[in-house]
């Protein structure tokens, strides 16, 4: 056994270390946070070392998991997401001492999803990811949070049932559980079609594609802010990764059946998601719908079904995640003691804290896709993918969605620059949150100004050379 | 075949019972019936270990937990299900379920999987065989399940910890 | 390297402005813009070398800037108008205002120098942002609505263009070429006819909105009306040229066959806009709106020049962009000075201000005459060349253009006379201060200069236009 | 020997019944049970196909499903209990503060 | 070349310095400085003419390029000056008459607060006019053309606090812009065909061209449109009458002597083109004749001393265009020259009268002024005799040349109209003369305060009056002087002055004399009031200028305003559409949001719908359900 799964094992150890910290030092919860962060950092470093090591791809556990550039990039993304979540919720007593452990457990699920190459790992990953998130969603200690947890739980169980049944049918249709063997095995087509449909539903449910999205806004709104940021970024990355691997590795020969349907879903999601974002007053809910719409963008990369698509998807997940982290970090600071931030709470933010406003501006402009932010480059890459796939419909859907979404993203900014009434209440900056927001904003701008290194990385990581 | 029909009736009856029972306790009992019918199916499908696990884990542990919670939450309360309030929910649900379930059932019957003609390998599905799998190549899955159970343990702790003493301001806001 | 100077100085200045003392921000901004202007002088007279740096190697994107004849004078227009606009701004606007102004200068300079489609698009959209915030925070009652309109309408257009840009590059790649966004490489490429039409209109919509040309000018009235005068001057003087410039820079080389195919349609649309703007301006009662609709009409005139697809028309447009920018920019600034003195923009509320403010009236009249196309001032030169181009291609549009010149004289003089002449009804106002005259005189002088020596611009623009139009090989419009 | 096709069909039927249960019952506990029934249906189908292919992986999957179900039920019941701690009736439709 | 630039630039320097040092200059200095500069220009012009005359007859053209105007592809046009005998005549008149009027203005404007501004404008006008006549191609001509229009605009609206002056200025400017656009289109048309618009270049081409093509007709017509607007030919004539809102020296210089005759200059300059466009050529003559008689009829009943002169100017411009139309180019230029003398005299004398009567212009308030202002009266009389065509005064010779040539060339209708108009001219001019200077004073108070103008005003008037008397004798000199200009190219065989039949002269002069006696009988012997006859049909119509203003308003102004209002309505619709679209999307979003009901079971239902749909879709795609 090489160290190919080192990042994952590190996280497992991290879970235990965190729990030990919780048990040993009951009043010093910060130690648990540090332990978790250390695990994340070590895992991240290990991931980077593995990426630069060219001994990939590796297949382990009877082809159950594949460690390749793709999985490592996904590792990096979800590590970023979890680090962001940890720092945003850094040592906040509202989330309790177990928060870091749960974050790490969910992180493990996400990383597993990035590696998954058979149904077992896929299912395990989904559940490893979901179970901690059910808890985290419900852990806010107020009614909305419990409601969010309950909704997430019930729908999650429901969708997992659908996913499982679909996997079972696929198993029956092919006789194998390994993605990479699906293409080679003699498929019983109708069974496989039904199985594929159910499986895709189970997976896009996690991604938040319309019409399987309805849990997203409620759960995002109800959950505590760091958890929401984690779900918005991490879950999306993991679900997109596993959907992509499942479809690209398992069904790249049968592209004709699944691709158009996903394309329609992507367009529907992009347009309707942005449309719904337009009507929102609550910032978490706004970002939830924005997350739905962005899931649609991600799905464009998948349904383009070419190398550019995979690469663009990875790139886009990064820029989206950075923007979301920045936005959530800012909102956490603005929210202070409140559960969420509404449009009205932003009024006069420019006077209360010009820098926070500037950071929020960058994040929102990135989500809106304005150049010199990463969001633009990501959308640009996605457009390339769609057009290389000769799917102008996807490209049009993407830009139409972006047009509709614009107003949703810039209205908070206008509120922020509007003069508020009454005294100017300054905002305190927790250091951890400041670290998140500054790194995320710098990253967003960096990706917009000089994306070449990251483009290089994703191009080398998603070199699926059986695709055109 | 007769065994299949009887068991199928039991399983379906249990399933339908879960859905139509007026009281949660009855639903739980119907589900146990369903689970036990499936356990017998597992035996017939050469999965003795799973049958045991089904009985022990599902019927034994999970459903007992369910019953416990049902009684806890409904004790001394009117637990009759209120009227359906969402318009068309039942009808649509029925139609969709018939479409999906019927369609899948038809598929399953019309397109059988490619059965392997020769006999079962030794130790197929029994304790030994499963043990060989789960403690060798598939150990990692078992470990993952263990982590999930750990998660569940943490979850129960987190979710039912005593409420904090009023919201304590995390951030001191300036006097306004 | 002067080209980089033109971009780098405003950007650096913008960042410095953020830390400047509140009262000193204007000074910093003014110095910055002046240094940028010096850079332009260097660009004009010393060295016009561009830059060509790799940017995103994987996509063949290069940071390629070049000051050729097409953009050279628009860069100058940018440099000059920003100095004037900053000097014309009030000192208590706050440092963020000047920050955004300088960012805008940076973005526009980049736009006019970009010869890589990707770079072009980046600057094209970046320039929306400063204006959006300028409108949001420093404008009238409906400023926020105006800002939203500005951003959304413009982005709607540019998003279509974005699809077009990527599609052009992808098609070029699939045709067997390299994956590149270099306009020169993409020009004259073969595009399947059906797709080409779609792409053509995808690009056109973006430029049509930005210019703005009828009927996609919905953002214009609010934006022009609500923004502070220096910003209006910049939008109408510089930013609107970006739309026309884009058609010349980007669309002409790639879509020349489509221009020929849809020439009549485009001419008709532009002619409707020409008449529409002029007639609407005739009946406005808000002096800023008269100028705004007049400007709408003038933009249509430039579009007509391009769509004539003749050398004269395109050269005329190239020249007219610069000329119109200087004049309409000056006019809006003068209107702003007037508004700040009278507190109103309604022409019925003013009369006979000439008596108390003769200098203001003189500059007002000067820019009015310039925009109405008085021979001797630069507007006339542009209009002449455009009309000549129209005569060459479709003479009926020349007649319409001529007619509009008459209407232009009417509506511009109507405003001037209503405000400045007649018996003085409103109370006396303060005349221009010496420091305001100090920058109005050079601006007016520049206008006169390029009016009597337009060859200075036209002769430099020609080589680029040859490149743009392939006229050398294809023998002109008709 | 039981007909494997028909077991798959039974699984599909149970799956559908479970789905109906989630959709029509208002008691979250019963909804949860119905969801468990869907899982069970899937597990049944896995085992059936495992028998058909003589492949233990399907049984391992079923085992994992059982184990995961246990964990999920633990968490689920904890959440349901915490939600209904202060409520009088087990009605999921009352838990609909978040919307729009 | 060099002296041409100096001639050109001196007045511009005057305008610039007066504007720039407005606050510093002593009050009286601008007038003196401006007059001085124009006078120097005049002297230089005389010198330049002399040098031109020393050149061989067929090389009497001085031309040169100052700098490039437009280069590149498309048009290539230079700042080119072109000086030939035709320009020279204009140069002399502009600077000479201009200088006199400048001097006169020193007296006329001495108590006006805007004196400095006035002289700056005047100097600017002289510069523009010189640029117009010295231009070497049509584009530069158009620049001068428009700048004189601008100067005219400034000067008409000089008293900008008067709404009527402001309106008149705008009307003049807009109508002239119409003409400018005509020239613009015409020259662009010429450029497109001949890749050049320099005179020499064009004339060489015209020499060999065959007449009658539509292209020539159109380009000639478009250029004539410019001349029509500038020279106030029917139907673009109304601005000239309104232009009398300006100070009287302005009326003398711009709206009588020089600017309004620019159309004549353009047409004579472009005579080779007119040969190629016979229809337009005829049209010019016809419109000229119509304008002549039409304006004369309006002058019959005017109540304002300047209005009478304005309509008489219109009428005389009609004569000049009649001359152009019949090919009598030299005669046209001759009439321009004599007209410049006598009309300037008339206006300046009228200005003196107005000055004496404290700004009163109404004929109803005048009368009997000859006793108070003998010199003015004498000059006025000389000019009146000249304009009436009484031999041997100046107007007789030029008018005789025009009519003679019209007759000789067979344009009998035009000739008849011209003859009739000559008689009418005599009548209304003597009506004006008698009403102003003879009869009983109609306003005793004004009469008592009236006085002869100061010398600075009287001397120019008298000088011009003298020229009105002797101007006719320049005819033969002019004939010789202009012959190289008109003979250099083909088609000018009719250009030199000719004599008509004797009976024509007799009829013309006879009519004029009869008209004189009629006027004397009516206004001196019978002493009827100027208002007489203006309440009934023909007189009222004539007083109202045949309703042309109303017609223009109805035909052009109001429809444009209605169109503008219609555009505003469309604009509101477009803007409402933009807002409506945005609001619609927003409302749509708001309507869509409640789909998110908050009920978990609904969410599950939505998932189930998706499941069934996707299942169905996939099964269809793989052909299971067909």
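Going in written order, the chains are labelled A, B, C, D and E, and every chain counts its residues from 1.
In this section, a contact is a pair of C-beta atoms (placed from the backbone, for glycine too) under 8 Å apart; a residue touches a chain by one contact, two chains touch by 3 or more.
Remember, predicted model here, so these are calculated numbers, not experimental data.
K.L.:
Taking contact as defined at the start, I'd like the list of chains shared as neighbours by chain C and chain E.
P.N.:
A
K.L.:
Closest chain to the protein's overall Cα mean, using per-chain Cα means, please.
P.N.:
That would be chain C.
K.L.:
Which pair, A-B or B-E, has more C-beta contacts?
P.N.:
Ranking A-B and B-E by C-beta contacts puts A-B first.
K.L.:
Just curious, how far off is chain E from chain A if you go by their C-alpha centres, in Å?
P.N.:
Each chain's C-alpha centroid was found; their separation is 77 Å.
K.L.:
Please work out the Cα centroid separation of chain D and chain E, and write it as a whole number of Å.
P.N.:
96
K.L.:
Centroid from C-alpha atoms only, then distance chain B to chain C, rounded to Å. What do you get?
P.N.:
That gives a centre separation of 68 Å.
K.L.:
Return the distance between the CA-based centres of chain C and chain D, expressed in whole Å.
P.N.:
Once rounded, the distance between the two centres reads 64 Å.
K.L.:
If you look at chain B, which of its residues touch at least two other chains?
P.N.:
Residue numbers touching two or more other chains: 86, 89, 92-93, 96-97, 100, 103-104, 107-108, 113-114, 138, 141, 144-145, 148, 151-152, 155, 159.
K.L.:
Going through chain A residue by residue, note those that touch at least 2 other chains and give them in order.
P.N.:
Chain A, residues with two or more chain partners: 120, 124, 127, 131, 134-135, 138, 149-151, 154, 158, 162, 165, 169, 172, 175, 190, 194, 217-218, 279-280, 407.
K.L.:
Note the residues in chain E that touch 2 or more other chains, in rising order.
P.N.:
Counting only residues that touch two or more other chains, chain E contributes 582, 593, 596, 598-602, 604-605, 608-609, 611, 615, 619, 624.
K.L.:
What chain pairs are in touch here?
P.N.:
In this structure, the chains touch in these pairs: A-B, A-C, A-D, A-E, B-D, B-E, C-E, D-E.
K.L.:
Residues of chain C touching chain A in their complex?
P.N.:
54-59, 96, 118, 121-126, 128-129, 132-133, 136-137, 144, 147-148, 151-152, 155-156, 159-160, 162-163, 166-167, 169-170, 198
K.L.:
Which residues, counting only chain A, touch chain D once they are in their complex?
P.N.:
Per the touch definition, chain A meets chain D at residues 119-120, 123-124, 127, 131, 134-135, 138, 143-144, 146-151, 153-154, 157-158, 160-162, 164-165, 167-169, 171-172, 175, 177, 217-218, 221-222, 279-280, 285.
K.L.:
In their complex, what parts of chain B are in touch with chain A?
P.N.:
Residues 103-104, 107-108, 110-111, 113-114, 137-138, 140-141, 144-145, 147-148, 150-152, 154-155, 157-159, 161, 163-164, 167-174, 176 of chain B touch chain A in their complex.
K.L.:
What part of chain D is in contact with chain A in the complex they form?
P.N.:
Residue list for chain D touching chain A: 8, 11-12, 15, 18-19, 22, 28, 31-32, 35-36, 38-39, 41-43, 45-46, 48-49, 52-53, 55, 57-58, 60-61, 64-65, 68, 71-72, 75-76, 78-80, 82-83, 92, 95-100.
K.L.:
If you look only at chain E, which of its residues touch chain A in the complex?
P.N.:
Going through chain E, the ones touching chain A are 582, 585-586, 588-590, 592-593, 596, 598, 600, 602-604, 606-607, 609-611, 614-615, 617-619, 621-624.
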